[in-house]
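Down below is the structure, laid out as structure tokens.
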Amino acid sequence: MTAATRPVLLEARDLGLARGGRQLFESLTLTCNSGDWIHLQGANGTGKTSLLRILAGLSRLGFEGEVSCMAELLYLGHHSAVKPLLTPRENLAMHLSGAIQRDAAAIDHALAAVDLYGYENRPCNSLSAGQQRRVNLARLYLSEAPLWLLDEPYTAIDVGGVQRLEARMAEHIADGGGIIMTSHQRVSQPGVSTVSLDEAASQHGAES
Amino acid sequence: MYFDSFQAALSMDGHGTYVWVAYAITLAVLAWIVIAPRRRARNTLTQLADEARRQEGAAAKAKGEEVNT
Amino acid sequence: MWSFFHKLGSPPWLYRISGSILRWLLPLTIVALFAGAVWGLLFTPPDFRQGNSYRIIYIHVPAAVVALAGYYVMAIAGAISLIWKMKMADVALRASAPIGAALTFIALVTGAIWGKPTWGTWWVWDARITSMLILLFLYLGIIALYEAYDNKEAAGKACAVLALVGTVNIPIIYKSVDWWYSLHQPASIKFTGESTIDPSMLYPLLFMITAFYALFTCCLLLNMRAELLSRERRTGWIARLVAESR
Amino acid sequence: MNATTFFMLIVRRQLLLAVRRPIEIANPLLFFLMVIVLFPLGLGPAPAQLATFAPGIFWIVVLLANLLTADTLFRSDFDDGSLEQLLLSRQPLYLSALAAITAHWLLTGVLLALVSPVFALMLNLAPSAIPTLMGALLLGSAVLSLLGGVGAALTVGLKRGGMLISLLILPLYLPVLIFGHGAVVASVGGLPVAPYLAILGAMLCLAIALAPLAMALGLRISVDA
């Protein structure tokens, strides 16, 4: 499929953000079509998370430019949105995000896929930090949202977990979804395009 | 003028203290709400001017070092 | 009309135009306030029941009237800020809160002082006084909420929401308090119909109310200018302004 | 997923979370009990005097209990990122906020109304006034929860929101205090109570219509800041 025929999931024009008197990025234009896998790179403090929050529509104040999001999205942020008092099963069945399958069989299947088979009915506060993160990642197997915005999805996940995660993301792309993600690790999959925020900042530095 | 003398105006048949104190407090508060924002604006301007001065100084210094090397 | 709106949204334009308005409006207002005070204090006859203590009316009523109007100014600014996302509306909202609070404070204090010779006590839980006290709380709430946010743009929006919630509530609060204390004086100034106050007392009162409105406008502009300077300190037009002033 | 299902989902979720930590449910009730105990100690135990003050005491304590719990309404969902997920869900935030408030009301207002007869008898309130007290509490506490939700939504992003929320919403609570108290006093005096309950009901309708809108705006601002 050529880019022209693929539906646009998200379009961002001329984004600019300044924090504390420092220009993080400027005139950043980004389009995510169906089938696009975009990796946002940048050192700490270059505004990756801020950019992702702007794209998700969580930040609406204090930036320049326009974001139009045409698809329902799944956002995986720094906070896991996992309730320690609920079991993994309940956490997913009562998750507050939309566009997610909630039937018991699908949830059990998703929990098995993130290696939480047998932990379905334990309250999450008895799980380890990595396991709690995986409860959150199980949403990737339940989501019906075409666009995924993932902030550091590999944090606290072991090597095997990362491989399974990448396989799931590749599957999502093949299904015509789109992914915009941040990660300090290299994403070893074909077809990943990279947007570097270091460059966005240094370009600006060169101009001024 | 309604009052016969300055004394009468001050005492206002015994109510003078109340009336004059009320007016004095009002004057103080009104003066404060006029002066406070002006002072705040002046402070900001002074800070910004100082900042500009510092930057000019730093730029001049950098230039001087360039010439020296 | 739209270009005027657009200009209003532009900080440098607002800063310049407010400067030239204040240049004549502020001195005029101060003169008017003093003239009105002298008129009310020295050139009006005393009230036949309350004697001279009634002269506090010339500051008490204008302060109360403008304090209440100030809340509506704030709420309208809040609505504009939320609907049209106009930054200047946030600034206006922030600017009117302390003035409103100060005027409410004046109304309360002068009311208490007036109460001593009239009712023989500093404070009665009369409907109007109680309502003014609640208005003061509403103003202080706005100021406190604004100060609690680090992100001033978010602070402006949050205050806009709170001001609108307050606006819906003010009539309800007033009616409740009114009902709660049904033994209150009937409103003594009416702009339509017959007036129960003698013209020799009414004219200075209306004059003072106008002067207080003018003062509110002046303070609003002064506060907005101060707020603009600190909010826009990183922008080019401020840098030019600083360069010019040096 | 349609809006009604989502509404019920949030209510169930909030109730389940509360049931898993029962002390959260008990806290406002214990607070209610303990503050009520303070009044006979402070005012003296004379039954007639207590009976005069009982309606006022009730309403003030309900106000305070509501205020205390309002701050926690969105706090944990904000801290763990659930609130972000809710904002992204494309479900009408108006209904989601209303659902959270419904759960809060069930856990505070309704429970307080249910236990209020016991406290009413302890304060020597005329037994004939108890049905009115319960009805007024049910209506009034729903308004309080809605207003408290507005305060909570506006302050949830702030670290020191606890004290601020009382400054923001206590003035808004006053009409409920006045008419809720009026209803009980009228009932004790044998006067018709329907007008008071009707006014409380009207306030509730207005609050249901408008408060979730303010909450939705407030939550967006708080998540943004």
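Here the chain labels run A, B, C and D in written order, and each chain numbers its own residues starting at 1.
We take it that a residue touches a chain if its C-beta (ideal position, glycine included) is under 8 Å from a C-beta of that chain, and two chains touch if they have at least 3 such contacts.
Given the structure is predicted, the values throughout are model-derived calculations rather than measurements.
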Top-ranked pair of chains - ranking by C-beta pairs in contact: B-C
Measure off the straight-line distance from the CA centroid of chain A to the CA centroid of chain C, and report it in whole Å. 48
Inter-centroid spacing, chain D versus chain A (mean Cα positions, whole Å): 37
Taking each chain's centre as the mean position of its Cα atoms, how many Å separate chain B from chain C? 20
Rounded Å distance, chain A centre to chain B centre (Cα mean): 52
Residues of chain C that contact two or more other chains, please. 151, 154, 157
Listing for chain A: what residues touch at least two other chains? 61
Connecting every touching chain pair, does the picture come out as line, ring, star, complete or other? other
Taking the top-of-page definition of touch, could you list the pairs of chains it picks out? A-C, A-D, B-C, C-D
Chain D residues touching chain A in their complex are 1, 6, 9-10, 12-13, 16-17, 20-21, 76-77, 79-91, 96, 220-221, 223-225
Chain B partner, complex, touching residues on chain C are 26, 33, 37, 41-46, 51-53, 55-56, 59-60, 63, 95, 98-99, 102, 105-106, 109-110, 113-114, 116-117, 215, 218-219, 222-223, 225-226, 229-230, 233, 238-239, 241-243, 245-246
Given the complex with chain C, which residues does chain B contribute to the contact? 1-3, 9, 12-16, 18-19, 21-23, 25-26, 29-30, 32-34, 36-38, 40-41, 44-45, 48-49, 52
Would you mind writing out the residues of chain A in touch with chain C in their complex? 18, 21, 61-62
In the complex, chain A touches chain D at residues 56-61, 72-73, 75, 77-83, 85-86, 90, 94-99, 102, 123
